[in-house]
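Here chain A shows up in two complexes: once beside chain B, once beside chain C.
So, the complex of A and B:
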């Protein structure tokens, strides 16, 4: 896989996620962590942007960060893969590069 | 000591930054000095009082149960902006059940959360002596 992009800021507070989506090449992986997990939820003002991005990128979300914030896995956008820390490690190993959108 | 109206404005999600926890600590201090304390949750601040927070997986303390104790400190006015909830696809059902006991009404349990529009919240801000932003 090409690049793993990690986003740890809420899409409501920063433009990290929209910048990442705009600049990630086709075939990228995008992993939402920490406050970035709010970008994975269905039915928000940003859901459409994320769903559109999923045509070109694989989107993942870190389950423990969802649970900490009380966000139900059932309400994550369909097609986003929920992974744990070992999944995070695997993604990092599979990708050539990691880009952190702080 | 004169009582002042203190409003704590919460705009950040919990855990990603320390603002939410710091705000909660100052709220408890304000309440201990018997001030008229209100809280407002707008923007990502509404996530602070989301139900079912479980921090076992991230190695941080889950401080959300502390919000349930606010009623015992006579902090009974928690304003939540409706527009902020809606933008996040959330409803009152997604928030913790926060209540207080009214000793003047046979200790009846009453809801602490008040769902308000931006215009209503603006009027509440206008009544305050001090607004502290977190």
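So, the complex of A and C:
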């Protein structure tokens, strides 16, 4: 895979997720961490944008950060893969580089 | 795989330092190497041994020191960021005429060159911040 993008801000707080989606090339991986996990929720104002991005990018969400915020895995958009820290590490190794959207 | 990590936020103010710690532990468990962790901006506040959180809370600072000692990780705090925030080692305290030092075990004070070198030597560089 080309680049792993990590997004740690809620799309309700900042526009880093939409910027990331706009600039990520086809085949990228996007991992939602920390408050970024709110971008993985189904049925929000941002869900359509994320679902559209999933045509060209693989989207992941960090499970422990979902749990820390009381967000149920059932509410995650279909097709987003829920991973743990070891999955995070594997993604960084599989991708050629990592871009942190801060 | 060899990793270089950058932490830009202090403990207890933002999740960045916790996330970086969890990531480092998982990477080490998977058999990877953490070559260096570079602490910049408020991240230098992870490097004071005077941190005393309540007993039922995690001690993020000590977690870094323990991890560094167990896995031979180079923990570097940026000198300019450290001076601004009162993080001192013995040499720096002497040079500045300060009456004590507070650098935590396993940490050392150095410059941005260490961040660049980490990026060159490591296979992957990750940034954790706000």
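Following the convention adopted for this analysis, the second predicted complex is superposed on the first by the 102 of 102 C-alpha atoms of A that agree within 3 Å, B and C clash if a C-alpha of one lies under 4 Å from a C-alpha of the other, contacts with A are read in each partner's own complex, and residues count from 1 in each chain.
To be clear about the criterion, a residue touches a chain if its C-beta (ideal position, glycine included) is under 8 Å from a C-beta of that chain, and two chains touch if they have at least 3 such contacts.
Bear in mind the structure is a predicted one, so any value in this text is a computation, not a measurement.
A.B. asks: Put chain B and chain C onto chain A via the superposition and say whether they clash or fit.
C.D. replies: When both complexes are placed onto chain A, chain B and chain C end up side by side without any clash.
A.B. asks: Could you look at A:98 and tell me whether it touches chain B, chain C, both or neither (first, second, both, neither)?
C.D. replies: It touches chain C, and chain B stays clear.
A.B. asks: So in the superposed three-chain picture, is A:70 touching just chain B, just chain C, both, or none of them (first/second/both/neither)?
C.D. replies: A:70 sits against chain B, while chain C stays out of touch.
A.B. asks: Output check: A:34 vs chain B and chain C. Expected answer is one of first, second, both, neither. What do you get?
C.D. replies: After superposing on A, A:34 lies in contact with both chain B and chain C.
A.B. asks: Determine, under the contact definition given at the top, whether A:13 touches first (chain B), second (chain C), both, or neither.
C.D. replies: first
A.B. asks: With both complexes overlaid on chain A, does A:52 touch chain B (first), chain C (second), both or neither?
C.D. replies: neither
A.B. asks: Among the partners chain B and chain C, which is in contact with a greater number of residues of chain A?
C.D. replies: Greater contact footprint in residues on chain A: B.
A.B. asks: Quick check for you: in the superposed arrangement, does A:44 touch first (chain B), second (chain C), both or neither?
C.D. replies: first
A.B. asks: May I ask you to decide whether A:86 touches chain B, chain C, both, or neither, giving the answer as first, second, both or neither?
C.D. replies: After superposition on chain A, A:86 lies in contact with chain C alone.
A.B. asks: Examine A:23 and indicate which partner it touches, taking first as chain B and second as chain C; both and neither are also allowed.
C.D. replies: A:23 sits against neither chain B nor chain C.
A.B. asks: Using C-alpha centres in the superposed arrangement, which angle lies between chain B and chain C as seen from chain A, in steps of 10 degrees?
C.D. replies: Here the answer is 80 degrees.
A.B. asks: When the two complexes are placed on top of each other via chain A, what is the minimal CA separation of chain B and chain C in Å?
C.D. replies: Scanning every C-alpha pair, the shortest chain B to chain C distance is 5 Å.
A.B. asks: For chain A, what residues appear in both contact lists, the one with chain B and the one with chain C?
C.D. replies: 8, 34, 64-65, 84.
A.B. asks: Residues of chain A touching chain B in their complex?
C.D. replies: 8-10, 12-13, 34-35, 38, 41-45, 47, 63-65, 67-72, 75, 84
A.B. asks: Would you mind writing out the residues of chain C in touch with chain A in their complex?
C.D. replies: Interface residues on the chain C side: 1, 3, 8, 15-16, 19, 22-23, 25-27, 29-30, 32, 124-130.
A.B. asks: Mind listing the chain B positions that touch chain A in their complex?
C.D. replies: For chain B paired with chain A, touching residues are 12-17, 43-44, 47, 50-58, 60, 62, 64, 87-89, 94.
A.B. asks: Which residues of chain A touch chain C in the complex?
C.D. replies: Interface residues on the chain A side: 6, 8, 33-34, 64-65, 84-86, 88-90, 92-93, 97-98, 100, 102.
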